[in-house]
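Scrolling down, you'll hit the structures one after another.
Look at the two complexes coming up: chain A is in both, with chain B in one and chain C in the other.
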Partner chain A sequence: MPNKEDIALMSHLMRRAGFGATRDEVERLAEQGYEETVEQLINPTAPPVDEFLLWRYHPITEVPGGAADPGQANWLYQMVNTERPLEEKLALFWHHVFATGNAKVDNCNHLLEQIQIFRDIGMGNYRNLLVEIAKNPAMIFWLDNNENHRNAPNENWGRELLELFSLGVGNYTEKDVFECSRAFTGWTIGAKMPRFPYGRFPWTFEYRPEDHDFTEKTFLGHTGNFNGEDIIDIVVQQPACSKFIARHLYNFFVADEPQVPAWNIEEPRDPEAVETLRETFVSSGLEIKPVLRTMFNSDFFKESTYQKVKSPVEVVVGTLGLTGDLAGPDPRLEGMGKEPGYMGQAILDPPSVEGWHTGKEWINSGSLVKRVNFVADRVSNTELPGVKSIIKRVAESNGSAMTAEALVDQCLDLMGPIEMGEHTRRELLSHAESEGSISWATEEDYARSSRRVGDMLALIAATREYQFG
Partner chain B sequence: METTTVAGRTWNFVKAIGRNAAAGNGFTQPTAVAIARDGSMYVLSRGQEGAGGVVAQNKRIGKITMDDELIGDFGRQEFTWPVGLAVSKDDKLYCSDEYGNFIAWYSADGERLGQWGEAGSKEGELSGPSGIAFDADDNLYVVDSLNDRVQKFTKDGNFITSWGGSGSGEGQLDRPWGVTVDKDGDVYVADWGNDRVQKFSGDGKPLLTFGGEPGQGGDLKRPSDVAVDSEGDVYVVDWGNKKVQIYDSEGNALAALYGDATEFSKWAKEVVESNPDVVKAYRRVKDRTPLGLFERPVGIAIDDEDRIIITESTRGRLQVYAKEKNYLEPQFNL
Partner chain C sequence: MTTNGNSKPPVLVVLQLTGGNDYFNTVIPYTDGNYYDSRPSLQIPQDRVLKLNDELGLHPAMAPLKDKFEQGGMAIIHGVGYANSPRSHFRSMDIWHTCEPDTVGTEGWLARAIRDIDPESENPITAVNIGQGLPRALVARGVSVASVADLSTYGLLTSIEEEAQRTRMLERFANMYGPALGTGPVMEYLGQTGLDALKGADILKTAPDTYSSSVEYGASPIARSLRDVATIHTADLGTRIFYTQHGSFDTHAAQATTHAQLWTDVSEAITDFWDDLREQDADENVVMFLFSEFGRRVRDNGSGTDHGAAGVCFAIGPKVKGGWYSEYPETRAEALEQGDLVPNQDFRGVYSTILNDWMKLDAKPIVNGQFEAPQFIKTNGA
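Right, the complex of A and B next:
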């Protein structure tokens, strides 16, 4: 049997490299070993989520068009039901970086296509990913590259490519932005059939040489007749680029950093860790998978337990997974897809191309109440399979009777394990003690004690500590 | 008019009906179609749930004619996951709800007359009832999808018999979906998860499999529905491959329909022509072929004149084909 430390570490890995795991799964993985689990995460062999099953029961989620709800439901369903958790988590990571929103794109079909690109090649070569994203119709429309013409350049895509997708502020000039934009003229979207009267038809990438600026450009010290891919080749060779991506990965997977626009004035909290990731990124030829391997096996990752405020997506998907709620098609799915948005993270609809502000900025008085209520509603529902499983473990942990302290400790262990601050722990204990002794001896006792476990789980969900993952 | 010709038969594309619309003369994810006794059609709009729970505003049953007349619609907010339609000899419309685990029935003018069904897996209980079809004696076959079986009831819901079981062996089923009954009383079931259609006798004896052997033509991917014409040819909605696969009665693949509705339906045309921007946008399109292709065909029905009606959930329309029998291919190079 794996020991307590192994369980804690594996839980940590699964929260960060996925959306958490049930205790049964954590025990199985801990038995298998940490490094082997990391390998399994970065080389998944389980089949992807069966989208046919989703589409059969929720046909609108295949082609949500401009409606955000069914698009969000589609992705939420995949996050909850995936057996390739890191692939899905990494798609969320890239969605943070290449933040593209339905508020403007008005086309979740293509936003979901972008997410699929992240699934398909998000662990591969970063240069190739940039090229694919530059050709992605949702991104082209989002950042106006369809308005970027030979005789009238539009700098939106060119600027964000440098500022938010690769280098960060301070590592290029206004002239570089202009030259970069000129190199992407003619990268556009082909005319498609309109949405009326039969719904959406797909956009396709189209390169129009007649609209491309073939004259010489000078970009980041290089001069030539550059096209878009040449620009990307120059960008990815910049030291600032590898540092930028390494810091993004650290921020998302290891510990909260300041918000991205501050990165040119604030040093990383752990420069050595970011440098380790950067070196791996460069030495592997800009492959993401080796960086993930280095990161998850590093001491700095293993020591980063509860250093991050959970994102709303992590709260929602993690809770659904823990409790076994929404496992499969369900009429509540479309409504559930909006839950992260109520907490400040509307998937497929970030507030701007800068993405979401993370860390402590996830928390405000409104979002905190939403987070706590969402989790508490589910963990206190003793009919949900995951909650039943937790109750069973608690019931079997200590014979037919247990102390209030054992109840609190068991619940904290199975919700994390979470290390609770002394004051909060005393509060939980005081509540548990106020309701008398706990017995599992008879059916009636079991039912009563089950409700007490549910109540305790809900109280834990309301603690400060539970907001960290 | 597009035609597909093979083995003395030809299928002519006739027309499209409908458009994407949450109300009025259109459909929202139409997933089933059934022919009324007077030749009009019922079209089931599966619709969507929406945020904040089951809204069900756009879930409905529309009644239309082959001449593009909208008679009306009914059933709004009466279903969670409506899925199958069938018409009894006395012209009542039956509709299954695979979430509510019931079968509701209506008069020909849309008055709800009642419902039956209990959730469960025991004999006569339902779990995810999807396709439904009447036999000549007005018994109702219900595809009891999550129980991987077919159950036969009287039209009032009294259990008669059942067969199936989970698995991929002969006679077993994996989340089956649509069903039909031919003129001999044999039952065809779209065995969705097993990528095949199985033909059974009326009491459940396995008789034939369609599309089960890959590489022999007519391969199926998650078939959703099936229908049989007056000559015994079998039409399978190959939902996963977005086509309708046609077999002869022995299970030999004959031809496939991929959708031909490059011309707008009457209702669609009204919408396009009322908006000059949409008209201009269509002019910019170089290739209109995708306009006609099936985009997630789901349900199928064949009327007394062997007209084949197919619902397309993504496009919110029907495509209609007509079978021409004893067709002789011109023996000269046209």
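Right, the complex of A and C next:
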């Protein structure tokens, strides 16, 4: 049997490298071993989510359209039901970085296509990923590269490629932005067909040499007749680039950093850790997988439990997983896709190309009410399979009777395990004590005690500590 | 900010007509041949139009609003929009919400207003959204807005059914979020935020207790939402901005019945709301503003109308200088852009009037510039 520390560590890994796991699964994985599990996450062999099932029960989540909600439901379904959790979590990571929004793109199916790129090659070579994203129709439209012409360059994509997708502010000049933009002239989407009367036509990438600026460019100290891929080759060789991506990975998977726009002013909280990731990234030839392996096996990762404020997506998907709510097709799916948005993270519709501000900025009094209620609604529902299984474990942990303290400890263990500050723990304990000792002896006792477990889980969900993951 | 006596601070109620309201069939140019020519299937016969003057009238479902107009308490602002309408719901709504037609904006215009009204976030319910989630207009970093799907069930830990148990748990919540020194800035921030959330919920919870009214609202969702607005407003809790919405006005098909029903519900709910406020002597410091993300195509499609450009806005309240503002866009085929009415009043100018003249804020940094602002708010003493 894995010991307590193994369980805690495996839970941590699964929260960060996925969206959490049930205790049964954590025990199985801990038994199998930590490094082995990291390998499995990085090289998943389980089949991808069966999209035909989605087609069948939720056809609206698969058809072209302008509204964001069906696409959000589609992605939520994949996050909840995936057996390749790191692949899905990494797709969310890249969505944070390459934040593309339906508010402008207005073609949610094309956003899903972009997310699929993240799934397919997000763990592979970063240079290739940049090239694919540069050719992605949703991105081209989002950052106006279809308006970037030989005779009239538009700098939107060129600037964000450098500022937000690779180097960070302060690592290029305005001239570099202009030259970079010129190199991407002619990278556009195929003729946009009018939507009416036949509906939406898919966008495709199109390179138009006649609209490409073939004159010489000087970019980051290099001079030549550069096209877009040449620019990307130069960009990824910059030390600023590897540091930027390493810091992004650290911020998303390890611990909350300051907001991205401050990165050229504020140093990382753990410069050594970021440097370790950066070195792996560079020495592997810009492969993501080795960086993930180094990261998850590092001490700084293992010591980072509860150092990050959970994102709304992590709250929603994690809670659905923990409680076994909404597994598989479900009439409520299409509404559920909007839940992260109610808490401030509308997936496929970030507020801008800068993506979301993370960490403590996820929380304000409005979003906190939504977060607490979303989790409490479910963990206090003693009919949900995941909650039933928690109750069963609590009931079996200590014979037929248990102290208030044991109840609190069991609940904290099964909700994480998560450690509470002394102050919070005292409140949880007083609450449990005010209701006396717990018995599981008779059927009536069991029902009453189940209720108490549900309420205790809800109270734990309401704590400050539980906002971290 | 004082909330007592006769100097109550101004309150704004925004009602969003989601989906693109058909301007052409809302304010109808009933003497214009172009109207009848381009609306073979959806024209309202002249004798059914609720005539407001020699040229224009309202949709027959809007009788209560006709009364408002005739009593001088409603401004109709023509041709509102912005150049190069993308005719996309999402993009257009975004533009209206952020005042950024050319780039993707990150901050809502009302969120910026809230920041000016309550810079220290002293009142967690300075702004209240009645509905699910938060419209982008109310979103900005550091700005808290209460979002209430249903006032009667709003609060924390609402799934705990037994009331006494829930009360006990909320007491624990308050204790847990209370000052915990030495736990770091993020935990301290969370502590304060949790207490704010609880305070907001506690304040809002009191509203229904103090509310009593002889007005019986209809059963439509917008009637329920406006009743919640009235309940919170009359409780005098310091809320300055209310936001709610109704729809969908996206009438591509079967517009005749849908559009009539939508305006019946909206008009009746608005009338009930104002009757309620009047009865409780709480109407003098309120202005209501209605907008939609765009108007619809001039020519109907046989059953409905497709996405268009220029739309119409309404401002209602005792302090509104009733009447017409801006001009009805030209309806001649040659004057249309891609078959749509061309906006001649920038929406940011309309916002500017609300912000400058009503909310007494500096509109320029909120709407990102200076725009021609129709003067539909009564000047002091008028």
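Rule of thumb we're sticking to: the second predicted complex is superposed on the first by the 463 of 469 C-alpha atoms of A that agree within 3 Å, B and C clash if a C-alpha of one lies under 4 Å from a C-alpha of the other, contacts with A are read in each partner's own complex, and residues count from 1 in each chain.
Quick note on the criterion: a contact is a pair of C-beta atoms (placed from the backbone, for glycine too) under 8 Å apart; a residue touches a chain by one contact, two chains touch by 3 or more.
On a predicted model such as this, the values are computed, not experimentally measured, just so you know.
Applying the stated contact rule after C-alpha superposition, one finds that A:373 touches chain C and leaves chain B untouched. Once the two complexes are overlaid on the shared chain, A:459 sits against chain C while remaining clear of chain B. When the two structures are aligned on the shared chain, A:363 is found in touch with chain C, with no touch to chain B. Shared-chain residue A:315: touches no atom of chain B or chain C. When chain B and chain C are set side by side, the one touching more residues of chain A is C. Shared-chain residue A:338: touches chain B and chain C both. In the superposition on chain A, contact of A:241 is made with neither chain B nor chain C. Looking at the shared chain after the overlay, A:201 reaches chain B, while chain C stays out of its contact range.
With the contact threshold set out at the top, residues 196, 338 of chain A are in contact with chain B in one structure and with chain C in the other.
Within the complex formed with chain A, the chain B residues making contact are 19-21, 26, 29, 31, 46-54, 80-81, 98-99, 177, 192, 222, 224, 239-240, 264, 267-268, 271-272, 275, 277-278, 281-282, 284-286, 288, 290-291, 295-296, 298, 313-317. Taken in their complex, chain A has these residues touching chain C: 66-68, 101-104, 106, 196, 256, 309, 338, 341-342, 344, 349, 351-354, 357, 359-361, 363-366, 368-370, 372-373, 376-377, 380-381, 421, 423-424, 427-428, 430-431, 434, 455, 458-459, 462-464, 467. Taken in their complex, chain A has these residues touching chain B: 52, 55-60, 62-63, 69-70, 191-194, 196-199, 201, 331-335, 337-338. Those residues of chain C whose C-beta lies close enough to touch chain A in the complex are 86, 88-91, 93-94, 104-106, 124, 132-134, 136, 139, 141-147, 155-160, 165, 168-169, 172-173, 175-178, 180, 183, 186-187, 189-191, 193-194, 196-197, 200-201, 306.
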